[in-house]
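Each in structure tokens, the structures are laid out below.
What follows is chain A paired twice: with chain B in the first complex and chain C in the second.
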Partner chain A sequence: MKAQVRLWWRLWCAQWRAGPVRMLVPVIALALGVSLATAVQLVNRSALAEFEQAARRLSGDADLVVRGPVAGFQEGLYPLIARVPGVAVASPVLELHVTLADRREPLQVIALDPLRAAQLQPRLLGELAGERRAFFAPDRIFLSARAADTLGVRSGDRIEVLVGSSRRSLEVAGQLSAAAYPRAVGLMDIAAAQWRLDRLGVLTRIDLRVARGADIDTVRAAVARHLPPGMSVAAPAVDDARLASASRAYRVNLTMLALVAVLTGAFLVFAAQALSLLRRRPALALLRALGVTRGGLARALAAEGVVVGLIGATIGFMAGVALARWMLGAVAGDLGAGQLESLSGALIVGPGDATAFILLGAAMGGAAAWLPGREAATQPVAQALRAGDASAAFARVRSWRIGGAVTGTGVVLALLPPVQGLPVFGYASIGALLLGGVLLAPAAAGGLLGRWPAPRAAEARLAIAQLRGSSARTAIGFAAIIVSFSLMVAMAIMVHSFRESFIAWLDQALPADLQLRLGQGGGSATLDAAGQEAAREVEGVARVEFRRSRPLVLRREAVPVQLVAMEIGEGGVPALTIVKDGGPVPGTPAWISEAMEDLYRWRTGEHVTLPLGGGHTLAVTIAGVFRDYGRSGGSVVVPRAAYVEAGGDSAANEALVWLHRGAAADVVVAALHARLGIGEALQVRTTGEVRERSLRSFDRAFAITYALEAIAVFIGLLGVGVAAASTALSRRAEFGMLRHLGLLRRQVVAMLAEEGLLTGAIGTGCALLLGGVLSLVLVHVVNRQSFLWSIDLAVPWGTLAMLSAVLVVSAAAAALIGGRAAAGGDAIRAVREDW
Partner chain B sequence: MAFPRDHGSHPAFRTEWWYATGWLRTASGEQLGFQATFFRSLREEAAGNPSAFAPHQILVAHAAISDPARGHLWKDQRIARAGLGLAGANTGDAVVWIDGWRLVREGGSFRIRAPATDFALDLALAPAQPPLLNGEAGFSRKGRSPAAASYYYSLPHIEVRGHIAREGRREAVTGEAWLDHEWSSEYLEPQAAGWDWVGLNLDDGSALMAFRIRGRDGGVRWAGGSLRTADGRLLHFAPGDIAFTPRRSWRSPRTAIIYPVEWLLRAGDLALSIAPLMDDQESDTRATTGAIYWEGAVRASTGGREVGRGYLELTGYGEALRLR
Partner chain C sequence: MTAAPPGPVLEVTGLAKRFRADRAPVFANVSLRLAAGEYVAVMGESGVGKSTLLNLIAGLDRPDAGSVCVGGAELTTLDDDGATVLRRRQMGFVFQAFHVLPYLTVAQNVSLPLDLLGVSRQEVAARAAAMLTAVGLGSAAARWPRELSGGELQRIAIARALVHRPRLVLADEPTGNLDPRSATQVLALLREQVRAAGGGGLLITHSLAAARTADRVLVLSAQGLEPLA
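This part shows the complex of A and B:
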């Protein structure tokens, strides 16, 4: 055994000396794939961990959380709940977003009774234990380090908040460290907040701890009996899930892309290993002849793959950690999704991650080497000892039947519904279609080459003949191109379609000249009737359409739905991108976004009652479905008049402003600011500005996707190069023969270039076809199921043409670079070598 | 003073407490100490706030069992702002509560319930004697400044019946207790560090209360006490009549504070040796009142013969006590 290992080591070293680059390529390919997967996974996890930590600090050690409408519920419920048998601690909480006088983003304020909360949120309040009495004074707020940092204030400073239309000043009484709470938040005493922030009598949450020995479910049932409709009690775990689900689909998408990169890398290991075994077949046969068993050889070859995998994955993991660190700094923890607040996100890397990713790489390396290794080991020794017999190695992967079956499976998978809101089968379908494409491509290429008209130039004829004769070798180049480029094509079509649909939606959503918003994200500032009148009277303003936009909790475990009360235009159709029109309906109409169809199973024509809080409801009939790229959690549009009549507030927090012809937008914006006097919390933007900002954030969100694709294509090109390089050596005899027949060295090189060009062209053609099919799955299955909105298919012909050209030329160059060395050798020696 | 009105709360005063201490005997003959206290504290910061949560009054409750077999206290505490019916202190008669913890006077006796986390007290305290008014008809000076004083009465020799539970194990108990009720707006002078206090139910039916206020300089700033004999004669002690002499100290392993736990007490003609039921009767109540103190069951003896039992309180031995 020991002697075998030593023999193996010497053979391997000899190979390494003969072609170090060739040996390195699979390592690099795998390292790239693993580094991407690592980076995406780590960034996702670090961001989510911070998110969850924040959520957990807030819910603390609560066993149960009572919640109601976003607007809150009457505090009278609190003593009732606190007295339920089995409730040991009941901590009342008022959560709200307050608008700051000179900031756009509202500040999240958590108001609690520190005496009660200290038992449930010990880590949040621990640092303030000594200052508990400072809580009792009104007009005091404690800020988290992040909040103090963002606002640029210190203890003792004052901050101005807008409550309704009036200003209140709060004193910063102290700071929480980042360890106590990682995100931006302000803490206040519940009595002070109720009074100073105009929420007397209102709570939004009650945290409960169950008495020792009491059964949580029994207590939950007992608490639930006290709750009016629209309120619920549940374990805080559900709470975390609701918060995190907001960006889940986006994250899963990126993880899948990263895994595709790993798969491409693994495929390259497979290709390189297969080729290297072709070249080494005589050497391996010699080993068999010297007494190495069939199984021993197969195992040794697989072990070689595992070693390649281990090395590649280790390098990849380290690179991935570095990449993740950079990404957290550069594009922040939300990976550009814009769905989580920007996170500082300390990178969390555990020993488990290293183990998992390195083992994944090793497994892929081993698996990729297994098939060609077994193939090589099972070859009859006598046959394999002779040179040049390489055709059988790929017979296994060139079967029409297997390829067709896999492709068919892919099509069927695309028709299946999502699993827990994730397009699991959609991804499986993409994987199957990709594999099917790779399996079918060599046969398709063979067929194409067979019908290719014979060109006049000798080099070109030779190139075609060569490709026809060694389709096994060619298959590797094809597959590398197909795997990487078809995904790129699919992503390009999907992103382009999304972007086009997004632009169309933006134009529809922004019909006016100016867009006016108060305190983003449910801030406390609104415009009352006087404020609305004042805005109308600003010079240069022709017309203003006010809207009231607020969250609405329809189902506890889901992200709140956005309710938008707006003016409905003439003909009873709102300015929305309607995708399903139910026509006029009796009673109050409402339009729902596509997500509402999927999440709540609401249908056109259905009657629905919307809880407006404070006991008010609004009964509506669904008149249509619209596309809403702004809110993936779902939105409902109702006529503003009906909303106010049903008991909703008449305040407004959004408005569309049309200008008189000739009025200068910036002058009107300044006048609006001056007239309304709310400061930065009032956001007035021109339509052009909003459009530009939206598109910029859209592109930022997809920047990381582009990066992932580019790397996948790079891996593909590496594949073309490695195929050419590794075959070139075994073709030295062929080149020598051609030189003896009178071909110039230049002509041999031209032949190589044409081979590369042809491989590239056919591979690219197949990839375009396959990519088109994959894009259909991405647009209509993966996108629809992850984000719950539809996209109209649009193909970026120009981009695709350019990319194809670049790819074909690159493939030719890669083949050329890979083969040139072999073509340049001494012709006589090269021929003599063929023993 | 007028009863039952003065059993009730006096919300205009800054601090107030109802302080029940005593000895208990279980059916199996175990000798235990118990303490159940409710504090009320007036906060002025929230004046004018109309919120139902406005912290105008803060309530604190402490409960403890001195269990020699355990070696340290069973203890727990609660704190809450008065309001919404969940915590409060009524005027008119003794009704003080925080959630399920309560001290209520009904039918002439006090009912105390403290369902703490690891243990529980559920006791009925039936006073056998009328209130003992300390100081000048209940006005008890606490310092050299005449302003430092409290309204203070005691109910000694109270018969106790009820139940206690330790880690869910419920037992019937009987015993004898002492209840103090005291309210004040300026209890301690700024120069004061803390006090030593003792309340003893003596076997002959008499009751002795003695205290001294220690200064931050280590000296004694004030002292006082009351003795009511079995036949109802009441004696008040002037500062010069009281002498606390430490005999043995105990160092807390948790806080490293050193408490004199054995004393020689002189009150007028009386000379008593005071020894604790167990050494470790330290209470850490930083989470509620902000103080660490020693409050424990003690025996009183003369010439080696036990003559009574009661409670000893030692405050301000770590940091100077602040009543807030």
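This part shows the complex of A and C:
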């Protein structure tokens, strides 16, 4: 056994000496793929862990957390809950986002009863132990180091916050270190916050610690019995899950894309190994003749792939860790969605990470080398020892039958529903369709080449004959193109479709000249009736349509839904892109986003009661479903009049502004700022500006996607190059013979270029077709199930034409470069080599 | 292919070749004259330069001195393209390792030189069929090389070397990969076909038995070509 291993090692090393570049390319490809997968995984996990750690720091040692509507619940509930048997400590909390007068981003404020909170959040409040008196002062706020840094304030400075339409000033009483809380937050005494921030008598959370020996489930059930509708009690882990779910779809999609790069790398190992085995066919047959068993040969050849995988994955993992470290520093771990951000930049590399990724690479390498190895090991020895046998290689693999079956499976998988909100079967469908396409392509290409008219030029006829006759080499060449290009086509179609749909949605959502918003992310600032009237009276303003937009918690473990109260005219809601119209409905109509339909299973015509907080509810009937690219957690649009009537909240925090003809937008914007006097928290932008900013955000979100896809394509193109160079090298003797027969060197090169061109053209055609099918799965299954919104299919014909041309030319160029080297002087000497 | 000009098929004069300046020449002062219809064998020890001589005659390599005249055309003055076109028109090759393209049928392999010369399809088909019949493989035209034996593959190679009626056929160890019976048949066929085509044939071989099928046997050494004693 040892002797055999030594023999294989010697033979494998000899291959490295004979063609180091050829051997290195699959290693690099696999390393690239593994590095991307490692980096994406580590960055996402580190950012998420920091997020969760911060959330846990806020809930501290609580065993259970009672939550209600975002707007809060009456504090009268607190003593009831505190007296429930089994509750040892109950800590009331008011959690809100306040709008700062001179900033767009709101500040998260946590208001606590310090005496009780000290028992549940000791790490958060421990640093303030000596400053309790300051904590109780009515206009004091403690800021985390991050918040103080962002706002540029120190102890003793004052910050202005907007509450409704009025300004309040708070003094910065001190700072929490980054170790106590890494993110931006402000801490206040709960009574002070209720008073200064206009939330008298309101709580948003009660943290509970269960008495020693009490059963948590029993206590939870007892607490739940005291809760009114719209409120819940759960372990803090449920809130962690909600945080994770907000970015999960995006993270999973990125991970899948990174895995595509690993798969493409593994395919390159397959292509390189298959071509290497074609070249070594007589040598392997000789080994069989000398006594190496079939199983031994198959295992040894698969082991070659495992070794390539191990080397590639080890390099890739180390590069991935370095890349992740850089990404956390450079982009704070936000890979584009803007939902996860690591502020500490701390990279979390678990002990199992290296093992997992290196094993993944080794498994991919082994799996990639298994099929060609098995084929080579099972070849009839006598036949393989003969010249020209390589043309019969892989002939026994009935690829079109397996391909048909795999493709059919892919179609069925695409029809299956998501698993826990993730398009697991969608991804499996893409994998199956890709594999099926690769297996079907040789048959399709063979059929096409069989009908190709014979050209006049001898070299062109030879090129076609070669492609027809060398099915294994041709299939590998096609597969390399199909694997790299079809995914690129699918991604290009998906992103273009999304962008076009996004633009159409934006155009519909922005019918006015200006858009007005107060703060971001549901801050505390609003415009009261007087403020709304003041805005209407600004010179140049023809009409203003005010809206109230606020979060609504419908399910504890889910991201809050956005409730939008807007003016509904006779003709419905022109600003919404309706995808399902239920027609006129009795009572108060409401329109829900597609995400609501999927997450909450609400249907048109259904009657629903929306909890508005403070004991108010709004009964609505679902009148239609609309597309909403702005809020992936779901949104509900209701008539503003009905909303005001149900809850008494006539304030507004968004508006659409139409201008008089001839009014200059910048003049009106300046006038609105001057009149409303809110400062930076008031955002007034022209429709064009909003459109431009939104598209910039869109493109930023897809930048990492493009980058990952570009790398996968680069790896694929490496595969095309390796296939071409390897093929040309193994045909040196053939070129030498043709040169003896009188084929000019440029004719040999032209023949190879034509082969490359034909392979490129047919492969690209197949890849376009397959990419089109894959894009349907991406658009209608993966995207729909991941992000819960639909998009209309739009094909970027110009981009695809350009990319196709680039690919065909690249394939021809790769063949040309490989051919020029192979058709040189050595080719003439190669005729003396036995085939 | 072209009308046979008067004079020798091949005339090699004072040919010399050295691969490195600091080494002795492979050979020097090699001269050879091959008349139409003549079939000559060249023997020599391993490494004496038989294959180098063949490459120089075929215009695949450049000599340090001397001239090579094929069908009246001076090969050493031609550039690579010129030498290639001359080779295409005037020469045929038979190799030890057959070098039959596996992705072409038997008939397509034989047709290759005619395709390169731009002969019409009808004529290509007719001449390839006739040539295959001549080498005893008339019924194998549509078969693939992998279905044939070594002897049959070499017959295809001979058919390919002669189908365009070259002035000169160069055979480099054509029986090196064959059993004695097949070797005898192939050598006889080669000689017969070269004569029938009216050109000249140069056989490079190690085997005395093979060499004896030729009209003349020459031995290559560093000093040049000498008749076999």
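Note that in this section the second predicted complex is superposed on the first by the 798 of 835 C-alpha atoms of A that agree within 3 Å, B and C clash if a C-alpha of one lies under 4 Å from a C-alpha of the other, contacts with A are read in each partner's own complex, and residues count from 1 in each chain.
Keep in mind that, in the parts below, contacts are C-beta pairs under 8 Å (C-beta built on N, C-alpha and C of every residue); 3 or more make two chains touch, one makes a residue touch a chain.
Only a predicted model underlies this, so the values are computations on that prediction, with no experimental measurement involved.
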Ask   = Where does A:Asp113 make contact in the superposed view: on chain B (first), on chain C (second), on both, or on neither?
value = first
Task = Using the touch definition from the top, say if A:His740 reaches chain B (first), chain C (second), both or neither.
result = second
Inquiry  = I want to verify the contact counts: of chain B and chain C, which reaches more residues of chain A?
reply    = C
Request  = For A:Ala575, decide between first (touching chain B), second (touching chain C), both and neither.
outcome  = neither
Message = Quick check on the superposed pair: does A:Ala369 touch chain B, chain C, both, or neither? Answer first, second, both or neither.
response = neither
Inquiry  = Per the contact definition in the header, classify A:Gln466: touching chain B only (first), chain C only (second), both, or neither.
reply    = second
Task = Mind working out whether A:Met23 is in touch with chain B, chain C, both or neither, as first, second, both or neither?
result = neither
Ask   = A:Leu96 contacts which: chain B (first), chain C (second), both, neither?
value = neither
Query = Which residues would you name on chain A as touching chain B in one complex and chain C in the other?
reply = none
Inquiry  = Per the contact definition, I'd like the list of chain C residues that touch chain A in the complex.
reply    = 51, 55, 58, 60-61, 80-81, 84-85, 87-89, 91, 93, 95-104, 108, 112-113, 115-116, 118, 144-146, 153, 160, 172, 177
Message = Please output the residues of chain A touching chain C within their complex, sorted ascending.
response = 383, 386-392, 458, 461-462, 465-466, 468-470, 733-734, 736-745, 828, 831-835
Ask   = Where on chain B is chain A touching in the complex?
value = 43, 45-46, 48-55, 58, 79-81, 84-86, 99, 117, 168, 287, 324
Remark   = In the complex, chain A touches chain B at residues 75, 78-79, 82-83, 92, 113, 115-116, 118, 129, 133, 136-138, 189-192, 194-195, 200-201, 212-213
